[in-house]
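Just below sit the structures, each encoded as structure tokens.
Next, two complexes with chain A in common: one pairs it with chain B, the other with chain C.
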Partner chain A sequence: MISWVSSMPNKFSVAFSYYFKNYYRSKSFYLMLALIIIISGIMSYFSFRYQSKINTFLDRFDSTTITTSLKSRALDYIWSFVLVDIPVYAAVFFGSPSISSEIEDRTAFHIFSLPVGRMTILSAKYAAAYAATVLISLIYIILEAIITIRIYGTIDMSSYLLSLMLTLIFIASVLAFTFFISSIFNRNIYAYITVLIIYFLVFNAVDVITSLLYSTTSPFLLNNAANIIMEVFVNINLFTFSPTISLSPASASKIFLAVAVMIIYLVASLAAATVLFENKEAK
Partner chain B sequence: MNVFLKRLLIIAIALAVIAPAIYYAITLNNANQRQSDPLYYAPSDTNVLGYVNYNGTHFYVYANNRSYGLIFDTSSLSNVNFSRISSLMHGNGMNGSTFNSSSNFTSKTNISLYADYKDYSIYVIRNLSFAFIGLSITNQTLYLYESNGFIVLGNLNGIYESINATLSSRNAIGYSGYLNSSANVSMAVFNVGNKIVKSVYFNLTGNNLTGSIRFLNYTYESYFLSAISNMKGAKIISVHDFNVKFKLDIRSLISAYDLMGVLNAQ
Partner chain C sequence: MNIAVNKVSKRYGDIQALTDISFEVEGNGCLVLLGPNGAGKTTLMKIMTNIIRPTSGEVRINGINVREDPGRALASVGSLIEQPEFYPYITGYEALMFTCMIKGLSQERCISEVNRVSGLTHCRDYLNRKTKEYSRGMKQRVGLAAALIGNPDIIILDEPTFGLDPNGMMEIREIILNLKNVKLIVLSTHLIYEAELLADHIGIIDHGHLIHFGPVEKDRYLEVRGRIRGTDLKLNGVDIINRDENRIILRKNSDIENWEIIKALESSGSSIETFDYYSVIEDLYRNSVSHSDAES
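For the complex of A and B:
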């Protein structure tokens, strides 16, 4: 028992380094890398080119209150607007085929016969996919800080770090969700499509209906919880039929609620994925 | 480890985390939703509570014998310029500002930071003049604070009581059933402490006013019944003990003067 427990971290690190190498050598990684570089480039260009538009937007409020700090937060809000979708695409690339590919590519025969527990395999794979997604997202997040400081000479560091922390939690959550979907299917394509349909179609449809019926967005949907990544800069919710605009950051209770929702998705998805993976049979 | 036990352990651990997280999330969400109710910002010991919807701008009113206030939801205001007040709460340079709104605020209004009170910043507006639904106020000094997208405007006591109401949860949310937000004007007056009426509720939609008055004794109830039966366009719906329900067409409001005349005479 003791030897089994002591060998776990070793097996995990071996499996992690193997899967991480697999991820960053994959076409998916380079595709995401190319996309993130293009998106970051476009955002940088727009930040410099349309810098004055931020002033125009803020002019709707009051000229005496437009400080450099507020402008930098408004710019970070716009960058985060794009950021909330990046982990979703990265998770779809790295998470969706994570389990289904083992069955589809028939590699499960070899993996399941190894003297490594399935839980170790799954956790190592999840950690590797998490590392790859964080790596991709960090390129964009770091560039966001550089551009903000370059334009305004300052950045609201507390809001920026809070947004970064929330992004890391969101990545863990959305990745766990894709692992769960992947554990249901034996074909990659089904896993890809299902994740995209649920996240961008089902969640948004539910959102539109709740907005229409109750004039509010449902805080229990993962896509709405992810909006906190940008709302910690400026609390603007444009996703309802009656948008609310406040130049102050989101309140602490709103942040805690979003984190709680992300943790629920994270734990529920990981537990479900683990149970399903334990039951998987190599075909 | 036995596969069944392993599954059981995973599910048990997951439930141990998810159950409290769901409870915590629901509690937080309920608290957030309460904060998005305008009456969350009105104190519970209010005697007058009202809702006004005029040309797309709607707000709530609260008052008692020492304080009063108006609660605006910034997202519901038809003129975005009014949200300049909101922007003032979050920046520096509070020395002076101007704002215009659908409520015809003057352009020379001065707004400045008055005091910080229990984590809220209270602002003072001097020389405030505005006209709204025929009501004209000139050169008044009012106070305001902003919370969660709501702006509360009132006298200083009204602002203090509103802030205390939000912090102590002694708010007027429980009275929301008395107001009809589909009416143009909905008003509830209760616990007024006079010798004539216990409570008055009325809703005005278009020209139709429906109301309910609970009297404290039969004498004043009979005065009212005889007066309203003499008014043109007025109709008594029901009389039950001290409670009178009635309907009124406000185009014949001139009759109100008749009513006052009759009441005075009696």
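For the complex of A and C:
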């Protein structure tokens, strides 16, 4: 047992490299890459083309507070507004079939019979999917910084890095959630559909109901927690029936709450996925 | 080299796939699990390789419980279960390197090992192609190569010649014949002639029950065809298993040579047309399965 445990890091790195190759060579990866390049191109075009609209929007507020830094944060907010959904689609592509495909595509017969723990397989696969999703998202995030600096000559680096860190946490949690859903099913299509239904229908439905009843968003929903990625630039939330608009960044307590929600999703989803995967049978 | 299967049962919902299977094999040789389609052979092999868990009972490989410590138990095992599938965007070479490195071998050793097994199973020509482009036979050869990686002491093969062309089948059987002199091989098939060729031990499974288990004495059974004379025929050194006017089945119980048997038969007035080894496995299989069918 001791020798097996001590060899785990090595087996993990072998498995990680194997899975990462399979991810970055996949059609899903190139499709996401194409989409991200198109979206980044469109965002870059509109950032230059409609730069004046940001000034017009900000002119509604106290003109003494309008600085170049605020303008750059407003532009980053718009970029992040689009960014929030990118990890979701990437996670759907990479995470949803992660475990169900082992059964549907019958790769489990080879993998499960190897002298490696399923925990190592799961963690390596998760890390590989995470790396692929981050790689895709980073293209957009880096371009966001380049365009902001190009237009305004500056970027609010602390907000930008905070947003980046929150994006990385969000990717980890949404990917863990898709792994959990994938571990329930033996067919990829069920995993894809369930993730999309839960994230875009169930979460939104719960949010709308909460918003109608209590005039507030549901902080425990992952999609709402993800809004913090843009709210660290300017605290504008347009997703409720009583939208809040503030040109200040989100408060520390709001950030902590969002991070806590994401980490709870991450830990709970990974724990559930591990239990299900450990007991998965390739019949 | 030891595999001990102890009271293994497996249930899928209402279906009892395996019931109280127990046996033990040790040392080199080939155990063939024979049975009709759906008998439970593959289920048993999946339990032996930790692909599925038994509902009750346990499998120990070299004394280590597969369920409790699969990493150690399977370290000395190579396996090919059902039609092998690999990740689609990985090349065959990468799949074999991965299998090798997961087994704990160094990169340098893995390169030579992949070279060795790919030569043995004749899959070297297409190893650099992605596995999604492979035909069934190609996958089978790469799967077999993966099972042989690291020179494991125990090799578990589920219908290893499935999907191969006739030449491929002969090559794989030749490999198994060579390997069984130094390895413990567990192989499932529903082809009786394959079992006859390869088996040292035979386990016959039907309806999830192990209905026969034991060594195969295939070179001790003889079938003689022709005109068999002498109603009270007795031959020294052989038992008469079955006989009629045109055929007699004998089992050697001594070191008697075949020519001595022929001479004895001819001296009793019989005229011999053919003299061959009797298909004891086919006989065992027919008797066991028909008995099992009658009971069920």
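Everything below uses one rule, namely that the second predicted complex is superposed on the first by the 282 of 283 C-alpha atoms of A that agree within 3 Å, B and C clash if a C-alpha of one lies under 4 Å from a C-alpha of the other, contacts with A are read in each partner's own complex, and residues count from 1 in each chain.
Please note the rule applied: a residue touches a chain if its C-beta (ideal position, glycine included) is under 8 Å from a C-beta of that chain, and two chains touch if they have at least 3 such contacts.
A quick note: this is a predicted structure, and the numbers were derived from the prediction, not measured.
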Touched partner set for A:R25, first chain B, second chain C, both or neither: second
Which superposed partner A:V275 touches (first chain B, second chain C, both, neither): first
Partner chain in contact with A:D105 - chain B first, chain C second, else both or neither: second
Complex contact set, residues of chain C against chain A: 12, 46, 49-53, 69-75, 77, 79, 81-90, 94-95, 98-99, 101-104, 130, 143, 146, 156
Residues on chain A engaged by chain C in the complex (per definition of touch): 1, 3-4, 7, 10-11, 14-15, 18-19, 21-23, 25-26, 105-110, 112-117, 279, 281-283
Residues of chain A defined as touching chain B within the complex: 58, 60-62, 64-67, 70, 119, 216, 219-220, 242-248, 251, 253-254, 256-257, 260-261, 263-264, 267-268, 270-271, 274-275, 278
Residue ranges of chain B in contact with chain A within the complex: 3, 6-7, 10-11, 13-14, 17-18, 21-22, 24-25, 28-29, 31-33, 36, 74-76, 80-81, 83-84, 86-97, 99, 148-149
